[in-house]
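Below, each structure is written out as structure tokens.
Two complexes are shown next, each including subunit A; its partner changes from subunit B in the first to subunit C in the second.
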Partner chain A sequence: MYYATIFWDYTKTYMKTRMTYRADFIIEVLTNLAFQLMNLLFIIVVFQHTSFLGGWSREEIIFIYGYFMLPYGVFMTFFNLWDFTERYIVKGEMDRILTRPAYNLVQLMLENMNPSSLFGSLTGMLIMGYAWLQLDVTLQWYDPFVLLLFVAGSVMVYGGIYISITALSFFSDAPTGIHALMWNIQNYGRYPVNIYNKVIRFVLTWILPFAFVGIYPSAFFLDKEVTTLFSFLTPVVGLAFLTMGILIWNFGVRKYRGAGS
Partner chain B sequence: MLAIEVENLRKEFRVQQNREGLKGAFRDLFKRRYNHVTAVENINFQIPKGEICGYIGENGAGKSTTIKMLTGILVPTSGKVVVNGYVPFQEREKYVKEIGVVFGQRSQLWWDIAVIESFQLLRKVYRVPEQDFKKRMDELVERLHLQEVLHRPVRKLSLGQRMRCELAASLLHNPSIVFLDEPTIGLDIVVKTEIRQFLKEMNKKYETTILLTTHDLQDIEALCSRVVMLDEGKIIYDGDLEQLKQRWGKGKEIVFHFAEAVNMQTLQQLTQGMEVKWQQDHPYEAKVWVPFEQENVSEVMRSVVSELNINDMKIIETNTDDIVREIYKSGSAETAGENHHA
Partner chain C sequence: MLSAYVDMIRIRFLMMLAYRVNYFSGIIIYTLNIGAYYFLWKAIYGGNDTLAGFTVLQMTTYIAISWMARAFYFNNLDREIANEIKDGSVAVQMIRPYQYLIVKMMQGLGEGLFRLLLFSAPGMIIITFLFPIQLPTDVMTWAIFMVMIFFSFLINSQINIMVGLFAFFVENNEGLMRMKRVAVDLFSGLIIPLSFFPLWAESILRWLPFQAITFLPASVFTGRVTGQQVYDALLTQVVWFIVLILPIVFIWRKSRQRLFVQGG
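Showing the complex of A and B:
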């Protein structure tokens, strides 16, 4: 309850700040969308050369892409901590966070909240809807609930990995490069895992489980029997990775050394 | 009742050592060498409730590190810290509700929104009931003269205005202990005086315990009944300010301008039997130090004035700056005292 009220207050603050920089806000939303649509265009171009990708049709891949945009948008809204090392560790802003009576990670998420990313999720829904109309798969009554569950799981997968990686800032002064690496790997999760070799498939499922933010959960809605088990693993894997991330984070906070002043 | 209790507190940092040159940098890549730096070395002190305590020391003496351990930001390497009955780093979120913290060089307000909106947000974070908040706010606005800045965004405030807002922000939840890390840094004398006045009143009215670090010894003189002095991670003095002045001050200094040339011998003869120290840089001018409680200043003056023709004369109080500088030079309060008396 407490966190719900401060969440709302931080949201209001975000909006007040955003209103002062209106043009900036619009440009940000537009660039985000343009970037996502470019990726989509890439899929369409690929399918002009082939009609199947590892046994998946163009509409199915587009559907996966649409699904992926849902958790991604939510994730980008709450985990907007790209300059964490620079701002909070090097400049010592973490001191301020730690002297306030709310869980530090939640404060960080709320302070850097970026709801404009939710437009990406909205677009994702539209893309999913479009692909679904083309695909002629039946919609079950429970599908919306399962979708909600899976999206929550995928967001947790993202959050868990991201929190673990960000927590490295507490141990090392400059873990540059890791974010970029992760960024590249996460793109693999949008395509069917059976097109990759065994090692990459294993990594995407168990080590950096980005397959659970795209292909595995969305396969459920496409009635692909092969991966149903994996689809339902999404919330489990999400919970496991989020727990791990938070544990690493809490351990890291104890190692925080502050900036000299 | 004790507000702050520190026993054998120690904090070590591991600092990477960089080797020189490109070759050195290359070797650092594979094998790092670390140095253990002890920022705070087994310190002990206790602060009773309602006291204003000054925490002073040179840059890098370990002041900020201590404050950060007391506020729960840093985890001590060893030793015991208990503040308000809490071990700060263990129950941090519960503990920080009862303290206020101001870091002079860092802002806790939201840059782009009006000051009052920052306060409102902090009210929610600290779970202060609406009514308490209103009462508290009225008082702070009046005391710190915030009326005309409340509706301006923080980025448009002057440093003095911002500092007053920072203070108000850290006191919204009526904390029983306040930590101030260089609260007057960079401020002009008017704002400094205002802030000192405010802190003093608050301490009196609410019995707020205040621990402040500063480089401005006038802060200490205006506010603190007690001083803890730190050097290289160790406490070199802990006691009240008056005592520090009396024991290690050079006493009072009198400067004479004579109408005729005078020599050292004459002067020393005049004050024979008194424990004073003369110094002469010029035949027409001389200084004499009169130690505290040992000689009477008027006694010394009378014996000089009655024998010699004087144009001008000036009495200079020892100032805390000089004492502190003296103590740092010798590295310990004990030896500084001895040197002087010798």
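Showing the complex of A and C:
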């Protein structure tokens, strides 16, 4: 209840600040969408030269992309901490956070909340819908519920990895370039994992499990029974990674000494 | 004056040496990227020997050299400039007795040289062992390729500077910077060679500066372009470099009039 009121207060503040610069807000939403759709362009261009990618058709790959956009939009809304080292560690803002009663990570998430990213999720839903209409798969009554479960799992996978990586700032304030690593690798989880060799497949499944934000959960809705087991692992892997992320984070906060005055 | 600029290159080079973690994570990123795209393209080829005129061997070489060239030309000048505009330190930079934009270029060059020598060169050797690629045997091709990636660096930095300077005019150019990043990766031919695009799209892209960043040098390197066409490709780069100077000078003049720094 306490956190719900905080959440609401932050949302109101967010709306007020964003509505001050309305044009800026609209530009941000539009450029974000264009940014996402450029990735879709890759799929479309590639499928001009081939009709199957590792046994998956164009519409199926587009469906996976649409699915990916759902958890990604939610993730981007709440985990907008790209310059954490700079702003909170180097400039000492973290001290301010730690003197307040609410859990520090929640404060950070809400302080940097960016609900405009949810437009991405919406677009993702449209893309999924489009691909689904092209495909010949039947919609079961339980599909929407499974979708919710999987999206929650995928968001947790993202959040877990992201929190762990951001927590590294507590141990070293030098730039690590590790965020760029994440940016790149997330793209590869959207393609059938069977096209990669063992090393990359292993990384995408167990180390930086971005396959659980794309191919594994989507496979369930496309009736690709090869990976059904993996589909249902999505929430499990999500929970495991989120727990790990929070543990690393708490450890980092305990170790945090402040950057000096 | 020149020695001051050369020093900028040297300082940035040494600064890069200081960030070791960044260096090693960079190596992992590039290896993974080349690996992932190698397998992705292998799956796209399926049973085909050639697609859009590229053999599988040429494609693999193309991917490897494009990413290695990217290590050299890539920089974050747009973000650096935007941040300096936002926090107001650009004002101090402007009263110093040097050209702010040239200093930025030099810093980018220092960064690029660092990665070319300590990153791309050893990386390329490792990659020849990991993936089946074909390096050019002709010394001349190597020489021209080196000149061409220098122009890739210039043109890419020019685009970065333009996007960065937009922070003078809009409060938040974050979205613009992200879009530029994807546009450069996608339209330059890094992710898909231009010849794979549908004809109409390809002919549009041929009139944009992005192809000069990756597609032209990589085409020369893979031997897709030979003879007279090599010099045409180089000429295209030179022309773009010169053409892009104009909007930069224009934006820079305009932005100096617009500059206001909040607080002190």
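In the analysis below, the second predicted complex is superposed on the first by the 260 of 261 C-alpha atoms of A that agree within 3 Å, B and C clash if a C-alpha of one lies under 4 Å from a C-alpha of the other, contacts with A are read in each partner's own complex, and residues count from 1 in each chain.
Methods note: contacts are C-beta pairs under 8 Å (C-beta built on N, C-alpha and C of every residue); 3 or more make two chains touch, one makes a residue touch a chain.
The structure presented is a predicted model; accordingly, all values stated were derived computationally and were not measured.
With subunit A as the common reference, the superposed partners subunit B and subunit C fit together side by side.
In the superposed pair of complexes, A:Val45 makes contact with subunit C only, with no contact to subunit B. With both structures placed on the common chain, the touch criterion links A:Thr31 to subunit C but leaves subunit B unconnected.
If you stand at the C-alpha centre of subunit A, subunit B and subunit C are 90 degrees apart, rounded to the nearest 10.
Once chain A of one complex is fitted onto chain A of the other, the partner contacts of A:Asp9 are limited to subunit B, with no touch recorded for subunit C. In the superposed model, A:Asn197 makes contact with subunit C only, not with subunit B. Taking subunit A as the reference, the larger set of touched residues comes from C, when subunit B and subunit C are compared. Legend: residue contacts after superposition of the two complexes on their common chain; A:Thr17 is shown touching subunit B, with no touch to subunit C.
In the superposed model, A:Pro101 makes contact with subunit B only, not with subunit C.
Superposition on the common chain places the nearest Cα atoms of subunit B and subunit C 6 Å from each other. In the superposition on chain A, no residue of subunit A contacts both subunit B and subunit C.
Residues of subunit A touching subunit C in their complex: 21, 24, 27-28, 30-32, 34-35, 38-39, 41-42, 45-46, 48-50, 52-54, 172, 174-178, 180-181, 184-185, 187-188, 191-192, 195-197, 199-200, 203.
The part of subunit B that touches subunit A in the complex is made up of residues 13, 60, 64-65, 68, 71-75, 89, 92-94, 96-97, 99, 101, 103, 105-106, 108, 110, 112-113, 117, 120-121, 124-127, 181.
Of all residues in subunit C, only 18-19, 21-22, 25-26, 28-29, 32-33, 35-36, 39-40, 42-46, 48, 51-52, 170-172, 174-176, 178-179, 182-183, 186, 191-192, 196-198, 201 touch subunit A in the complex they form. By the touch criterion stated above, subunit A contacts subunit B in their complex at residues 2, 5-6, 9-10, 13, 16-17, 20, 92-96, 98-103, 107, 254-258, 260-261.
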